[in-house]
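Look at the two complexes coming up: chain A is in both, with chain B in one and chain C in the other.
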Partner chain A sequence: MASLDPRKAGPLAMAPVAALLVVGFLVPLVLVAWLSLMPERTFGLDAGLTLANYATAFEDGYIVPLGWSLFFAAATTAICLLVAWPMAKTLARRGSAFALVVTILVALPIFVSESVRLFGTALFLMPRGGILAGSLNALFGFQVGSILYTKTATLLGLVYVYLPFALFPMILGLSQVPRDQVEAARDLGASRWQVLREVELPNAMPGLLIGGLLVFVLAFGANTEANILGGQSVAVITKSIDQRFSYAQDWPLGSALTILVCAITAAVVFPVLERIDLDRLLRR
Partner chain B sequence: MSDRTGPGFAPARDATAQEQLSVEQPALALRGVTRAFGASRAVDAVDLEIREGEFFTIVGPSGSGKSTLLRMLAGLDRPTAGDILLRGRRVNDVPANARPTAMVFQSLALFDHMSVGDNIAFALKMRGVARTERLERARGLLDVVHLPASYLDKPVTQCSGGERQRVALARALASDPDILFFDEPLSAIDNRLRKLLQVEIKELHRRTGKTFVYITHALEEAMVMSDRVALMRAGKIVQVAPPLEIYDRPTSRFVAEFMGEVNVWCAVREAGGVALPELGLAFPGETLPQAEGLLVARPEKLAMLGEGGGAQAIVAGTIVDEFVLGSRKQIHLRPDGDASRPIVFGEIPATPDAPAPGARVRLGLAFADCRFVTE
Partner chain C sequence: MSARPETEPGLRPRQLFTALVVVLLYLPIVSVVLASLANTRYLIFPHRVWTLDAYAEAIGQYTTAHLHATSFKIALVVALISVALAIPGALAFARYRWRGRRLYQRAILLPVFFPQPVLGLALLVALSAAGIVPDWRTAVFAHLVWVVPIVTLVISIRLYGFDPAQEEAAYDLGATRLQAFREVTLPAIAPGIVSGALFAFLLSWSNLPLSMYTTGADTTLPEWLYSRMATNYSPQVPAIAVLSVAASALAVVAVLFLRALRRAVGRRRTTSSEASTLAHPARATP
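Now for the complex of A and B:
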């Protein structure tokens, strides 16, 4: 086999991924950005440039679904981080069979289609004949209402679906907390709370930030949870975009909304990414 | 610092404790302290008293349980049996953050995400001391450990090994603890720096008057620094004594051998005196506390005899090896006679005309320079 010039090996190895990213990510993004500057309801790319779609986005009340999406993303991130913390702490400390079993249990749902899981949750939450309400009624003769098709159900679904994305980076982050530093802090008079603030959080921060980012970005772009569990109770921005492209056949406005979502995501992601030392997280 | 009163700790006892202070209460007292991990006991029924203001060193091979013992003293681990009394007060259940002690860790355990100043001032921050005041204190402590004041804002990750040692020392001092614990802090640094820091730690002990409890596997470190040394083996304290005494008067073979090269001979009490059958020697008129046992003698106790010189007992033989120790050298002597006789360690001046390997010498030994020890 002819030996490969080492200077060419790197770029060659990168080529397939690079091609995929250009075709699947960069080109569509440029197209969408371009399309967002086309006049209302046009399908061509050669009309005159205009910012009218962005004006419409703000004037026609798209701020509301955008706000809901932001709210759900922020709330999901906060709840996921809070719920995952104690669990991650236990799992990071114990390298035992127990940890492995719990990890598998948490990871397992990821292998089931998201829609299937969410319909399952909907079945569980359904009023009267639903699994929760029905069981309570049958077993204890106890009637409960249902949160299905409410904003709460949407949030529940988001937390349920995206929790693993917060948990696993957090475990990685927490495994970076040096045990001796925790002990030193205790020895120097720190309460458990002070240990958390002074030693655990700063050391686990890269993992926390990555987990938080993943959940935020995914929840911000999520559509299914609001559709299946939220019903008509709430419209999120991804649903609006979907409608602009399909029912309304107004691609330029849909594109403008898409670009807005991308801009907001970038505004959140880049400043946070700048603070993470990925090398340190992966090497240790 | 808040004084936590544990259960069963009545104020009345507090008063008696105060009165007893004049009767020299130990800074730390251990009563049957045990730490079991499953079936094995890392620390096994240790009784110990460490005096106020003392430099106390626990020395022992790795795995002897000395680190586990220290962790219990610091409150980072709990004894499974026995009591730890800090100035007469039982502290078994008092967590590390509520004990008036501070530890210098083997790994140093510096907070890498903080500056030198924030590391040193950590204990003060935990107590709610204002930032300007605690940094002022940190500046003073930098001076104590011979670091320039400009280091206050330096990231601790940019410090050299020796500087990190000093930061760890200053950080432990910042809380103004009654007792300072050292868990082999100098084990990972080069020899010259270690010597320097040994001197500094000793000087710090003199200057602060605090109780220092130091752990090391390096015997020499224990000898130079300590007021008293405890030797630990397999979870038990084998002997506690000042360095010279533990060197000169070991009570067991383990201690004698741990403290350096030593001759160990079987000894038998006889009607006329004490016999060393392995060497075919006898000390007429002497006696042993038991019918038989071990006698140990340091190499330097076996002095070379000149022409016609005499001694209580004489070992004659041929030098087979030598190790120069500066102005003196240790010699390994093969005694005359039976080839099964053990090699004898002696010490002679390392002058140019001193006997070298191959030469025949006679070494004299006095019974008073031998110690009777248990196995």
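Now for the complex of A and C:
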């Protein structure tokens, strides 16, 4: 028979990707984990094992930037899901020209660099001569304050950058809500709230979960938003890690903090991925 | 019963809200364009003089060309390699039924569901342990770790819509495995491959967090913009940002154009063969 046994074809076909993931993902993380067990400020990998870096991580107050990162991640996820839901309901309708155009318009900025988009946000929010403040002053003659370099600006930037990541899986999920079920529920006298809770949410849940998870994880590890829009007002954990690696030249402590971030990420990602049927979600 | 879009509650406000959010999404990009049209050292909007000077200066500069060349080189290599890896990767993801497929489907998502700055740093640690000095080639590798899973998903979505029975039919007609793949499967998933390559190019082109740690002495466009927006601001910085976006938009337009062209050529071919079949009905019978 010409066809190769699919049980053998699978492992063969995935081998290149698997090799990439082992060398480019698994091995680096194992190395970081190992480095986190080295004495502080060492660069080698052959000193005695110690948990001192993890103790330092807690004693030196790194729990604060970790907390801020978690807060930003949770707030960004909540806001993105709330904003994306009505949008997804509009955009999940097949065959609507409005939906098609808007979907493309929302997708395009994903491919514009974060640097450019956050730079633009900063230019927009800048005090006095900024795009917003300058326009308001020139048009209506009044001065406005600026939220640039605050935690609010950081949160705004996070929502702006990660909204599409909540939206697109949600559209995917919502397009799997059977329309006749919604119609039937309405005909049987269900309220909008009941339709939402009993029909739409359960059917759209895989998309919601994937989207929410993506936003949470990406926002949790983001540092450019805080750097560009937050200024000195907030330190997030990835900024602390970056400083340990660069200015402080303390790679073991930086690694320990990295492992903490990985552990939290894994604790969120694994249970959700476990629950989702990817075949069903991706098949249209 | 037919659909009733008019009577569905809350449709209008929802569309309005959606349109509003889209406008907000474009405000920062519009702001970059507006800021680039000045000739003042600092941004004082609205500009007293509106000018394209910054573009004229930026285009003439070696830095602009060099940054674009570095980013282009990385993005092109990433697009080519990621498609080569992701085609078999997607077959294993969506097409073949094999033990371990569920695990593979989840493992491949891990780099996507992972903070990119952390991945960049981990790769930096690994490179240093291996004694490799980072440059644009290590950045290619870093981008691949993140882009290949995404391209695999893009091609997989296309593969789910492909009926494997078509391939079986090719085998029954005596095609070899390679022939069946080249003549049946590949054309069917070609749009997915093109989108995947485009995705890979654009994601690599615009990536900041991975490049930041893995380019070494080389500098990509997003890195340069990131470093210059904090210090050394001038209207040239937004101008180069606009140029970089225009360059990636050009890539999208080029792909769309090629696709439209191919479709037009394909249509002409089928219509002309139909015409000749009509003219010489005898030739149509095998």
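Annotations for the structure displayed:
Convention: the second predicted complex is superposed on the first by the 273 of 284 C-alpha atoms of A that agree within 3 Å, B and C clash if a C-alpha of one lies under 4 Å from a C-alpha of the other, contacts with A are read in each partner's own complex, and residues count from 1 in each chain.
Simple rule for what comes next: a contact is a pair of C-beta atoms (placed from the backbone, for glycine too) under 8 Å apart; a residue touches a chain by one contact, two chains touch by 3 or more.
It should be emphasised that the depicted structure is a prediction, and the values quoted were computed from it without experimental measurement.
Of the two partner chains placed by the overlay, only chain B lies in contact with A:190; chain C stays clear of it. Residue contacts after overlaying the shared chain place A:64 against neither chain B nor chain C. In the superposition on chain A, contact is made by A:102 with chain C only, not with chain B.
In the superposition on chain A, contact of A:120 is made with chain C only, not with chain B. After overlaying the two complexes on the shared chain, residue contacts for A:203 are found with chain B alone; chain C is out of touch.
By the touch criterion defined above, A:147 reaches neither chain B nor chain C. Ranking chain B and chain C by residues of chain A touched puts C first. Residues 183 of chain A are contacted both by chain B in one complex and by chain C in the other.
Across the complex, chain B is touched by residues 178, 180-181, 183-191, 194, 198-199, 202-203 of chain A. Across the complex, chain A is touched by residues 1, 3, 5, 9-11, 14-15, 17-19, 21-22, 24-32, 34-35, 42-46, 84-86, 88-89, 91-101, 104-119, 121-126, 128-129, 141-142, 144-145, 148-149, 152-153, 156-157, 160-161, 167-168, 171, 175-177, 180, 202-203, 205-209, 221-223, 225-226, 229-230, 237-238, 241, 244-245, 248, 252 of chain C.
Touching chain C in their complex are the following residues of chain A: 1-4, 6-18, 20-21, 24-25, 27-29, 31-32, 35, 43, 45, 83, 86-87, 89-91, 93, 98, 102, 105-106, 109, 111-124, 126, 128-131, 133-135, 138, 160, 163, 179, 183, 192, 213-214, 217-218, 220-224, 228, 238, 241-242, 245, 251, 254-255, 258, 261-262, 265, 269, 273-274, 278-279, 282-284.
Remark: chain B residues 1, 74-76, 95-98, 101-103, 105, 107, 109-113, 122-123, 125-127, 171-172, 174-175 touch chain A in the complex.
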